[in-house]
Every structure is written in C-alpha cells, then in structure tokens.
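This report concerns only the one structure given below.
Lettered A, B, C, D, E, F and G in written order, each chain numbered from 1.
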Amino acid sequence: MQGQSQQQAYDRGITIFSPDGRLYQVEYAREAVKRGTASVGIRAEDGVVLAADKRARSPLMEPASIEKLHKADDHVGVASAGHVADARQLIDFARRQAQVNRLRYGEAMGIETLTKTITDHIQQYTQIGGARPFGVALIVGGIENGEPRLFETDPSGTPYEWQALSIGSDRSDLRDYLESEYEEGISTDEAVGLALDTLAQTNDEGLTPEGVGVATITVDDAQYAEVPADDLEAVLAERGLLATDDEEDADENDESAGADEE
Amino acid sequence: MQGQSQQQAYDRGITIFSPDGRLYQVEYAREAVKRGTASVGIRAEDGVVLAADKRARSPLMEPASIEKLHKADDHVGVASAGHVADARQLIDFARRQAQVNRLRYGEAMGIETLTKTITDHIQQYTQIGGARPFGVALIVGGIENGEPRLFETDPSGTPYEWQALSIGSDRSDLRDYLESEYEEGISTDEAVGLALDTLAQTNDEGLTPEGVGVATITVDDAQYAEVPADDLEAVLAERGLLATDDEEDADENDESAGADEE
Amino acid sequence: MQGQSQQQAYDRGITIFSPDGRLYQVEYAREAVKRGTASVGIRAEDGVVLAADKRARSPLMEPASIEKLHKADDHVGVASAGHVADARQLIDFARRQAQVNRLRYGEAMGIETLTKTITDHIQQYTQIGGARPFGVALIVGGIENGEPRLFETDPSGTPYEWQALSIGSDRSDLRDYLESEYEEGISTDEAVGLALDTLAQTNDEGLTPEGVGVATITVDDAQYAEVPADDLEAVLAERGLLATDDEEDADENDESAGADEE
Amino acid sequence: MQGQSQQQAYDRGITIFSPDGRLYQVEYAREAVKRGTASVGIRAEDGVVLAADKRARSPLMEPASIEKLHKADDHVGVASAGHVADARQLIDFARRQAQVNRLRYGEAMGIETLTKTITDHIQQYTQIGGARPFGVALIVGGIENGEPRLFETDPSGTPYEWQALSIGSDRSDLRDYLESEYEEGISTDEAVGLALDTLAQTNDEGLTPEGVGVATITVDDAQYAEVPADDLEAVLAERGLLATDDEEDADENDESAGADEE
Amino acid sequence: MQGQSQQQAYDRGITIFSPDGRLYQVEYAREAVKRGTASVGIRAEDGVVLAADKRARSPLMEPASIEKLHKADDHVGVASAGHVADARQLIDFARRQAQVNRLRYGEAMGIETLTKTITDHIQQYTQIGGARPFGVALIVGGIENGEPRLFETDPSGTPYEWQALSIGSDRSDLRDYLESEYEEGISTDEAVGLALDTLAQTNDEGLTPEGVGVATITVDDAQYAEVPADDLEAVLAERGLLATDDEEDADENDESAGADEE
Amino acid sequence: MQGQSQQQAYDRGITIFSPDGRLYQVEYAREAVKRGTASVGIRAEDGVVLAADKRARSPLMEPASIEKLHKADDHVGVASAGHVADARQLIDFARRQAQVNRLRYGEAMGIETLTKTITDHIQQYTQIGGARPFGVALIVGGIENGEPRLFETDPSGTPYEWQALSIGSDRSDLRDYLESEYEEGISTDEAVGLALDTLAQTNDEGLTPEGVGVATITVDDAQYAEVPADDLEAVLAERGLLATDDEEDADENDESAGADEE
Amino acid sequence: MQGQSQQQAYDRGITIFSPDGRLYQVEYAREAVKRGTASVGIRAEDGVVLAADKRARSPLMEPASIEKLHKADDHVGVASAGHVADARQLIDFARRQAQVNRLRYGEAMGIETLTKTITDHIQQYTQIGGARPFGVALIVGGIENGEPRLFETDPSGTPYEWQALSIGSDRSDLRDYLESEYEEGISTDEAVGLALDTLAQTNDEGLTPEGVGVATITVDDAQYAEVPADDLEAVLAERGLLATDDEEDADENDESAGADEE
C-alpha cells in the first residue's frame, strides 16, 4: 500500500506521526473498514435510506444477527462497515448520548450533533495512548428539524456530510456508481432502489432479500424502520437484481479478525 | 497461517492494526480456540442442545472436572472451546450479569442481551491496552420468551446467532456436516442425536458416555439440564457411535497453554 | 526531508529530543499540517478575514461539512489546516475557554489570551508522555478592544501574531504572494479579495463559490460572519478567479489519515 | 522445546498469544513447575493423601522448612511443585479465602469452590499486564460433604479433578506409574504406600523419612494431619523403599531461581 | 557532537545515565537552546539589563509576538532562548510562584529564591519518567533588597548567578565578548549599550529597533520596563549598529520544532 | 554462567519466565548476593550466632558503619550479604513488622513468622512489574519460645531454616566447611569460634577484630548482643586466626554498585 | 570501564540486574559523580571540616552561586559532587527531614539518622521503576551529642562513616593523600589546612580563595559556618597553595549535563 521504506518504524507503537505526517494506525484502521462488507447511505427528498450487504457466511447463521444496520434513536439509524465489535461500542455510545440528550433537553438529538459527539469520541482513541483506534466507519442518517441528514464517521474521527455515500469493500466502485446515478430530489422509495442497485454492482450473482438490509427514516414520522424481506424481494425482482440461485454461500474465509465480511 | 513478511511487526505488542487492517492478537486468540476440543450447539423446535467433546487426557482425571458445558442461569447454558481459564472468567461474568438482571428487573435475562453483554466485555480486551484478548469462543443457548435461541461469541467480541454451529477443533468439518444434516423443525431429542453424530465425525474410534457432555434447555421448563451418562450411552449405542474399546486415552501432549485439549 | 542518519532513533517514541535538539514528533506533526489544504488569514484596517480552500473530494459530499472555518466565539473565528479531527478538539477547547471567560469575567475573551491558552494546551501534548502532538495549525482571528488581531498556533505550541499568513499546503508560495501583495491599511473588503487571490495562486483551474470558505469579523459589530456563496461568486467573477468548469473533482486519493485534503 | 523459528517474538513481553494460539509465558511457567521436585496426590475411599519429595540440598538445612505440604484449612491440604515463593502466595490466598468463607457462611469451604477461587486468581496473572504468571502447580485435597476430593491447579489457571496425580519433575513417569497401579476404592493407608511407591520411582537410592512428606485428610475427622517420621520410616522399610545410606545429599546446583529443587 | 559509538543506546528512552555518567536527553535539550536566537543579560551597578535578538522570519509577522523577553513580576524579568512553547510554561510557572509568594508573605519574591524554584521544577523533568526535559534556558534578572541580581537556568535544572551572560546561538562568541568588555560598576544605560554591542557581534548587517528587545529593571523603582523602539533606534544609531537596509528578512528555514529561531 | 544462546531475550525486562522456566532477574540478583562479603549463621544449643566479614576498604572508613549485622528486634538479629542499600530496606521492613507485632499482640514476633513476612515481601518484587528484585540475602536468627531458630531469605523470596549456613562470596566453600565441622549441640561460645573459623577459610592473611562482626542471641536472655572487639581479639588469637599485619587494606576496586564488598 | 560484551543489554532500561549481579544505572550514576569537581570531608577532634573545589567556568560567573557546600541544618553541613540539580533535590529533602525532626521531637536530628534517611530515599530511585538514580554523592558532616560525625552517601543509597574522605573527580588520588596525611586527633584548624592541601593535589596552578569553599561545624557551638575568603587567602598563602595568576579560567567545555564541573 505505502512505500515500504517510508513507513518502517512509524506504524508499530501507539498512534504517532510518521515523517510525512501520517498516522499509520489510523490508516490501517481504514483498511479494516475496507475488509468489511459494503454499506450505502442515500439522502432523499423526503427521507434517508441506509442499506447494507449482509450475506451470511453459512446458511445456518441467522441473517438477523449480522449487525450492519442499527437503530440509534427513534429518528436516527446507523449503518456500519468494518470491525463488528467496534461498531457495537460506537453505537452503544451513540444510543447513550441520544438518550442523555432527550433526558437533559427534552428533545431529540440533532443528527449533526450526534455525529460529532461520536467523532470526538473516536478522535480520542487516535491521540491518547493505551488503546487502538476504532476499526469501523459509520453512516449516520436521520431527520433533524424535518430535514433528512446523512453523515459519515471514519477511523480518524472526521465527520463528513453526504448526499449519498458508501463505506466498506469496493468503496470507490460503489461511489462512482452513486456519483453517476444519484439525483437530487429523488424520493425515499427511489433511493431504496438506487441503494440496492449500488450494492448489486459488485455482486454478479444478484442479491437475496436475506442477504441485504435496508432501513428508512422519512420526514413524515421521523421513525427508523427496516424494510421487510417481502418488500425487498419485490423491489429486487422488479429491478432484476434477485439472485437466481438461493444458495449463494459466501466463501469460507471466515476467520478474519471480526471484520464484518460475513 | 499468514504470509510471513506481512505480519512481522504487527502481532507482538498490545492489540494494534496491521497494514491490511487485521488485529493479529485477536486472530491468534482464534487459533487458541481451534486448539480446544470441539463443542456443538443446535437449536431445535422445542429447545436448545449443547454438546461437547470432553475426553480426559488420563483415565485418572475426573471427567466431570473437564469444563466444557456450563449453566449460566436456569434458562441459559454455555458451551466453550479454547483456553479453559479464560472461559471460566467469561462464564462467571455471564452468571453475575444474569443474576444482576434478575435482581434489578425481577425476570430472566434475554439470551441475546446476555450474549451481547458478554461480547461487549470481550471487545474491551481487544481495544484497551494492558491485557490480552480472551482465548475462548462460547456457544450461548437458552430460552427467551418461549423461544429457543442460540448464539456464538468469538475472541473479537462479535455476536452471531445460529441455527446450529460448532466451535473448536475441526470446526469447518463439523460445520459442513451440520450444514448438510441439520433440518429446521427437528425436535430436541433429534438434535441430541445430531449433536453426537457431529462430534463423532472426527473421532474414528467412537465416543464414550464419559467422553462427551450434552445439555438441553427445552421450551417446556426453560431449565438447563445435563443428559445423564446412562441416557447418553443408550443414544450412542443406538446410533452406533459407542466406542468399542473403553481405553481410548488421549495422547500425551498435555502441556499446551491451558487450551481445553483434554 | 532530514538527513537519514541523523534522525534514526529519535523519532519513534514519545516526543524526545534528538542529538541536535529537535523534537521530531512535533516536526512530523507539521508535515501533517502541510498535508492539509491551505487556509489564509489577513488583518485589515477594520476587521479580520479568514479564508480556506474547501473543495470536496466528491460532488456528493456536502461542502458545508468540510470544516475549515469555525466560529469560536461571537468575536473570534478560527481557520485550520491539517488533521481535521485534531482541529475539532482544539476548537472545542477554545470554545469552552471563551465561554468560561464570559461566565467568569462577564466579558469577551481577548484574542491573544485565547490563543495562548490554546498553545499552552498544545505544548502539554509535546512534553508529557502518553499522547501524540496535535497535527493541526490554527489561524485565530478576531476583535479585541476594537482592534483586529490575527494569530497562528503551530504543533509545537508557539503563538505568533501576523498581519497576514497562510497555513497548510503550498504555505511558502502563498506567503510569498501575501508578502508582496499585502498592504497595511487595506479594508476588510479588499482583504477578502486578497485572500481569494492568494488561494487561487495554486489552483490553476480557478475557484468555485462552494470550493472556498471566507469569514470576516469586523470592528463594527465584532461578529463572526461567513460570506454567502452568492457574494463569493460575485467577487470571484469580478477578479477573474471563477473556475470555468464546475466539475473540477478532486483526485481520488481520499484515504489519507484524516488530514483535511478534501 | 518448541520450534525456534515459531516462538521467537511471542514469549518476551507480557503474556500474549503466539500465532498458533499459545501463551508462551504460561508454558514457561509450566517449565518452572517441572523444575520443582515431585508431589503426589491420591484420592482414597476414605480420605485423601498428599505426598512430596522434600530432600534437603544440604544436611544442615532443616527438612521441616522445605515447604511442599501446606495446611490450607482444617479440612484442606495443598501440595506444591515449582517456584516456592509463588506457592506461598497462592497458599496464603487460599487460607484467607477459606477463613473468609468460615466467617461469612459459618462453614468450611468446599474443596472445589476453593480450588476454583485459586485458579481464577491465577488466571488474572495470565491475562492482565504488569505481572508474570505464577510458576507453580498445586494439588488441593480435602473432605467436602464427607467425600474426599482431589484437584490440580496449573499455571494457566485451569482446575482439574483427579483420582490420583503427580506434579513437578518426572511428571509423566510418575503418572504412568499411578495409572497402572491406582485402583479405585483403596484405603487411605494403602494410598500412603502407593504415594511413596510413586515417589520412589525416580529415586534409585530409595527414600528417607526426612526426605519425604506425607499428609492425610480422612473422611472420619476431616483433619489435615502430617504423617510422623517414625510412621513413615516403618512404611518405607516395610515396602523396601528405605534408603540404605543416610547421606544422600542432593547435588550442588542450588542456585536455580527458587524452584523447589531442594 | 559526541563520539558515535559511545552514546548509542543511552539517549533514546526517558532520561537515563550513559556509561560515562551523562544524561543525553539533557544534553540534547541544550542543543535545542543553541538553536534559539541569542539573549543577553547584564548586571549593572544600578539595575539589570535583558536583551534579545528577536528578528521576525517574515515582514508580516508582528515583532511584538516574538516572545523573548517576559515580565515575571513587577521586579523580575526573564529572557529566554530555545523552545518557545517550553519557555512559556516555565514563565507561567514563575509568574504563579511570584504571585503565590506575594499572597502568602505579602512581599516580592527574591530573585534567587524564584530562580531556584524554577530550577527545581526543571530538574523533576530530568529524573522522573513520562516527560522530556525542558528545551529552554532562561536569564532571570531583577531587584532583590535593592540589589540587582542576575541568574541563569539551564535544561539540567542548575541555577548559576552571573555578572553578565548570554544564552542561545553563538553563546561562546558572545560570552567571550562580554568577558572582555564587561566592567563592574557600569551603569544601566551603559549596560544597554553593551548588550546591543554584544548582540551585534554575530549580526554583520547590523540591528534594527524591531529586531531586538531590551528590558531594564533598575534599583530606583524595581519595575520591569521594556525600552521603546525609538530609544533603541537612537542607541543603535549612536553606536553605529543600525542596519542600513530595513529588509533583512530572516532566511526561510522556518520549520524547525518551535525553537525561537525567528 | 548460563548458556549464551538460551538466555538471550529473557533477562532484560521485568522479571519473566525463560523457556526453561527460570526467572533470570532473580538469578542475577543472586549474583549480586555473591558479590557481597560473606556472612555466617550458626544455631547452637543455647543460642544463635551471626558473623560477618566486614573489612573496610580504607583505613579511614569507620568499621562500625559497614552494615552487615543488624538488630531487628530485641530477640532477633539479621546478617546480610549483597546490595547494602537493599538490605537496609528489608531490615527496616522487618523492624516495622516486629514492632507492629508487639503493639498488636503484646508479644515478640516469632522468628519463622518474621522471616516469612520478609520473604513474602521479597516475592512481590519478583512477580509484579515496575521494580527489580532485592539484590540481597539475609540470615535471620533469634529466640522463639525459648528455642534458637535460624533462617535464610534469598532473592526469590524463599525461606529456609538452617542449623548453620553462609551467604555471600565463597558461599559453597564456606558451606562445605560448615557441613564438615558443625556438630549439633555445640554451645554458643563454640559456635562463635566455628563462625570465625569459617570466615577465615577464605582469608589467608587472617582476621582482625575490626574486620569481622559477631552477634549472639542466647536462650538465657533472648537479647541481641554484638561481641566486643576485645573479646573477638581474644578468640581470634586463641584460634590462631589473628592477622599478623594490621594494615590488610582491601583492594581498590571500590566502585561496584553498592554490593557490600567492603 | 566494563567489558563491552558483558554489559550490552543490561544498562538501558530502568535499573535492573546484569547477569553478574550489577546495577549498571547505579554504576553510571557513579560516573556522573566522578565528572563533578572534588569535595573533601575531614573529621577533626573538635569539629568537622567540609571543603570543595568551586572554581567558576567564567570570570563573570558569581562564585557564590556554585553550589558545593550546603547548610542542611544549624548543626549539619553537606558537600556534594556530581549532578548539581540532583544534589539540590537531596539537600532540600535533607532540610525538610531535619526541620520535621525538630518540630516533632523538639531537638536536632542525629547526623547518622539524617544520612540514613537520605540514603533510603536514594535507594528507592534504584529499585522502583519510572525514575533514574540520583547522579550525586554527598558528604554529610555535623555534630551529634557533642561528637563530630562524617558520612558519605553514594548513588546506590549506601551510607558509610569516615574519618576523612573525598568524592568527585580524582577521588582515588585524593583519598591516597588523605590516608597518608590524616592523623586522628587533629584540630579543626589543622583539618582546614589538610583539606586545602588535599584539594591542591590535583591543581598544579594552586588555589584561589574564590575557587574553593570551606565550612566547619565545631563541637563548641555546633553551628555550620563557611570560612570567609580573607581567612582562606591567609591559610592558602601560609601553606604555599595560593595561585600566582588570578585568571586561571577553567577550560571551555561548559556543556556537560549539569555535573558540577565548574
């Protein structure tokens, strides 16, 4: 990835700067994100869509236990890519923050505020010794003051706002697709279709309703809702994305370090 | 296991990321799990079955002291594979959590909630310095709201839900067998038989009632119960799995670092 | 950058002196600043101007979420260059300090005092073990006792006061330009133009209203205010700086360690 | 012991996993146990027998000060092998636990409970940084609810229950002997003889009453009692184990690191 | 500086002794002092003079923000050389000590007492782990009981009293000059001239009023006072030290680690 | 001492196990003991004798300040060998323990109990990180319940009881001598002679009253008492051990690290 | 100094034992002592004399600020050699101890007690991690119960009592001189002369009153008193030790790490 000679001594200990000003542990944590399966987020006119590739690595595994989409608060959803156990920590952190906000101020936490609370938490793990960075990226989407908002957090602790984005494996291919296909003003329903189209870009055999997860938060009710499998199947069929063979097992390299490659 | 050149400096200190985004200490902890004898978990229509290979490494050792199956609460059982002493820590942690839940809320803790409390505890040991990860995987099974549930925890701290799974040595062989033989809707009794069939896959000489442990938690009473040796003998005989020679001592390499290779 | 033989052992651990009296971790943190996009600060007769290059790395990214200009208090603005997440920490620190000052003394905090509180905070991270230095430089500008003031903080924790300066990539080219073009006594409006001229020095394709950010704090009302996109477009057009092609995407190397290379 | 190339980097720092899932510091602590003189434990029908090789390394040393057998509570004895000073710590820990149990619950602590309290304590030293593992193995024997119980603790913190076992030097030879000679249902008196026979297996010159220690806890009174030297002499003579020459000094390499090589 | 072979391993970690009894981290901190621009202190009959080279590295930098001379208390001034941010820490420490002394004892702190309080603080950073030494030297001058006093602190934490001294770059040349030109009993005004003469020794192009700083504390009022630029210009002109060309920019190597090379 | 290849990496950091189960830091601490001058302890019928070689390394040094014999309590003496400053720490610890015992229980502390309290303290320094082991061995002698008792503590923290022993330089030669000459039942007076004979074994030029120290604690009064120089001279003369030349200066290598080589 | 091959790995980290039982950091701290200028202590019949070489490294340095002789309490003086800043710490410690003693017990602290309190403090820095040893030796002299006492502390924390001694550079030459010239029963005045004679041994150009310091504490008043320069000049002249040329500047290598090479 990087020039061998350059990085030699700067990536071993606690996060420190290399001579060219890089934080290798943070960059390696980004590689952990890339090892995770893809997640996609799209901001529509009237809502936010989160979608994720969640194929199981065995037919005996419960798809529902593959944690890619998370409800952080009534009005906020999170999609993750990377180290699953790390994602759980950040999402627990986000839930606690959202609840504290409700208790303290009597109202729902803003999406941007929540995202930046998370990224500040992430940043601490890149500067203070005694811990490694978080090996996970999040897409945080929700409704704030009647407007859909969509953010990304990365392992450096930087927050970005997006109209549409993908994180995890094949990130740049999927982003290219989104950049060419996304149009401002699309509806939430159209965004669900675009999200599935995007995830299908790197799945030649098509998708199954169990192998993907889609959640929406619309401006109408500002409620996180996962799209039922039946509805997904209909959409996939309609768009010609449905896998013809139901037994498309993931390959067997299931021993990586907890990255969500299931 | 991995390419030599790649992993060189990234697996020595406290858990940090390698350039390709892996946490080697966590991956090595998984190797410790593979060094342990196999455990199997199966979710039946009306209950959950946990089974484990617990052959003693000497005829003088009490089979009952080989800790592979554990009662975590009335309605929850745990099967482990890997570093025995680590397993004991996690199970003590699980028991305390389950008791606290009963005291605080006056009801049994959900299986999923308990599993995720355990995996969050495990994750801390992979991110915060000053300790190594846990070298053990667990199968957590029990009854929640009248439904059988079956989970896995791995050394990264990721929870998965399964219909049927195996952990420990020969994991992929046993899983292949489970994938081909498991059928949804089987009864708990049938699942006991399937669990023993599975454990027998890599034991050419057959099994003995003392060399295996089986526990069930059925929907009826939601009570963890270990299957008595007499019953096990009957089942083994019926299925043609009973070892003909009672003296099948394990080999002598009893000096590995506490992995449950007994 | 430095002689190889000289620096060999002195740049790896927590910040320590090299034989020639340098603190390499601090110098590497300065390299992180250089990896960030440029920011410019200009002190005018009647106000202070902060400007920053904030081109997005994708058309789908919200330009507003690229954090280069920050309001630290009503009368203080901060422009940053370098590691974004680190900048957020320092700016949060600055905001808290400014608020505490208002609460404690009932008045706005002086720009110089605020800057030196920040640099003292930065210095601690270069001397005490257990953390790395901050990989960010700040331009702190504002109105103090009716006078415009403009300061710089660098990763060593040294405060400097300037009439006009730039931080981040192409620093010395931009400073040469400022040194030749800056004149004492210019108005805030002229300074906005000079700041944009400066940023345009290293952007051959011109600038877009979304790709730059400009903020002013004038002596009149001592209020931080960002210049609206429409106004920016007018100024850019007037000065012949407007990019002819709107689709000047940044290149794709978006995986550096959180430096504000957007 | 192990392949040189494999173990190189994984055995130096605080206890961490090697690529094949081993904890080398724990394995090396087991080597410290092997450097200690042998101890034997036998569970009889009506009691438990602990025996130990405790030859002095000089005729001027008081045999009574060679700590191989310890009374942990009225009804519990402990035999140790390995690092003497470490054994003292664990036995002090065991004594405190047993006393606390009596104070808190008004009854004697169960043997199994006591053993597992000890192994949990040992495990902490293999997972948490800042200390090395304990270099000692223990045989914990006693009477619980009128039943003799016999346990082993090893440096990994794993508890095992045995009918008969040996720890320390020549472990596998002594265990082979025990496996072939031990019979269920033997009396405590017979077990004393078997324990001495076992210790004699690797002492060609025979045993002396001062060079061995034997303790029993019988079901009758559940009292730890060391067998007097006169009785030992009689038993040794009867079994033809008595050393003909009283001056069998141990060799002079008395400078190892506190392992109980006396 | 030192023989390569000798120092190899002794200068990397926290400050420890080398085989020949040296503390390399302290010696390297002295190199950081030498990298700073020169400061001069002179004790006159009726006062103390502090002077410093404070040329800016850009015409746009405010000369006043180049911190070389500091008022520590009404009657005490400090001139520094070396790492600017470190100097700020020590001077803040000195100010707090001086204020505490006034509060506690109702009188001004003695110059010697203040200096030794500073050096004891410095020494802690050379003996206790977890921090690097201070990379700065100070000249502490003031009036104590009606007498002018002049002290030096170095990075080892040793206090020295001087009649006249210089610290920072070209130290030994400037000291030679002082040794030959200094005469006991000179007046404060003469000492101002001598201080400027000394600074001019290594500035071939002469000095500018903005490029130097001079402060005096006289016995008369025991008040720290910086000499105004106009007065400085007069003195420089009178002594033939005035630079003919006003644009003597410092060279461009402005990226060293915070040493006061401006 | 040990095979070079074996010990390479295991003796540098905090005390950890080597692959063959040794604690090198503890073994090296024993080497520090061997670098100290010899001390001898003998248990007589009616008392205990402690003796030590305490030749000064200069005629100007006060022999009384060479600390080899210490009164720990009225009824307990301690002789040391090895690192003098470490010995002082342990003896201070012993004194405090003895006093606490008197205050708490109103009686003198038993010799065995005191010794084991010391060794437990020593053991902590061999297992817990952040400190090195104690580089000293002690002979603890005294009267307990009217009986003379004599113990040794070594750097591993192991207590041993002896009839007669030596510690420090030439340990094995002196022990051989003691083993051949010691007889049970000798009187305290005879033991004083034997102790001096033993110390003379490796001093070809004989002993001086100032160059040795002898203390006794007899059963009669259980009081630690050092033998006056006159009495010592008489005994030395009587046994033909008196040095003919009074000026037997020790050689000049007085710069070792505090071992009691005086 | 030592064999290269032997010491290689044992002198880098926190103070640990080498294979031959040495503490290299302590030995290197002794080298720091040798780098300091010489101090001498002599115990006379009626008092104690402390003397020190305190030549300034520049004629502009105030001789009085060269700290070699210190008053620790009315009746106790301390002469130091080695790292000046470390000496200051120990003397502050001594002063606080002496004051606490006066407050608590209402009487002056004994010289021996004070010395041992200091050495115990020093020892902690050689055993506990996180700090380096003190690089200084002290001569502690004073009056205790009407008797002159004279002690040495070294970097290992070992206390010695002397009739006469020297510390610092040329130690063994000066000690040889003292051993040949010192006579018991000399008066304090004679001791002052002998101390100056001793210091002159390695100063071929003679001594100046400013270049030496002498302090006495006599039995009469038990008051630390420094000998005035005039008296010193008379004594020096009388003994033919007075330097003919007043300008004997020390050489210019004034950059060593704070050792008192002035």
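The rule we apply is simple: contacts are C-beta pairs under 8 Å (C-beta built on N, C-alpha and C of every residue); 3 or more make two chains touch, one makes a residue touch a chain.
The shown structure was predicted, so the numbers you read here are calculated from the model rather than taken from an experiment.
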Task: Tell me the angle, as a multiple of 5 degrees, of the rotation that maps chain D onto chain E over the C-alpha atoms.
output: 155
Query: When the C-alpha atoms of chain A and chain E are each averaged to a single point, how far apart are the two points in Å?
result: 55
Field: chain C-chain D separation of Cα centroids, rounded to whole Å
entry: 68
- prompt: Which positions in chain D touch two or more other chains at once?
  reply: 13, 24, 30, 129-130
- prompt: Which order do the chains take around the ring when read from chain A towards chain C?
  reply: A, C, E, G, F, D, B
- line: In the complex, chain G touches chain E at residues 1-2, 7, 11-13, 24-25, 28-35, 58-62, 64-67, 82-86, 88-89, 92, 125, 129-135, 252, 255-259, 262
Message: List the residues on chain A that touch chain C in their complex, please.
response: 9-10, 13-24, 26-27, 30, 116, 119-120, 122-123, 126-130, 151, 154, 156-165, 172, 175, 178-179, 182
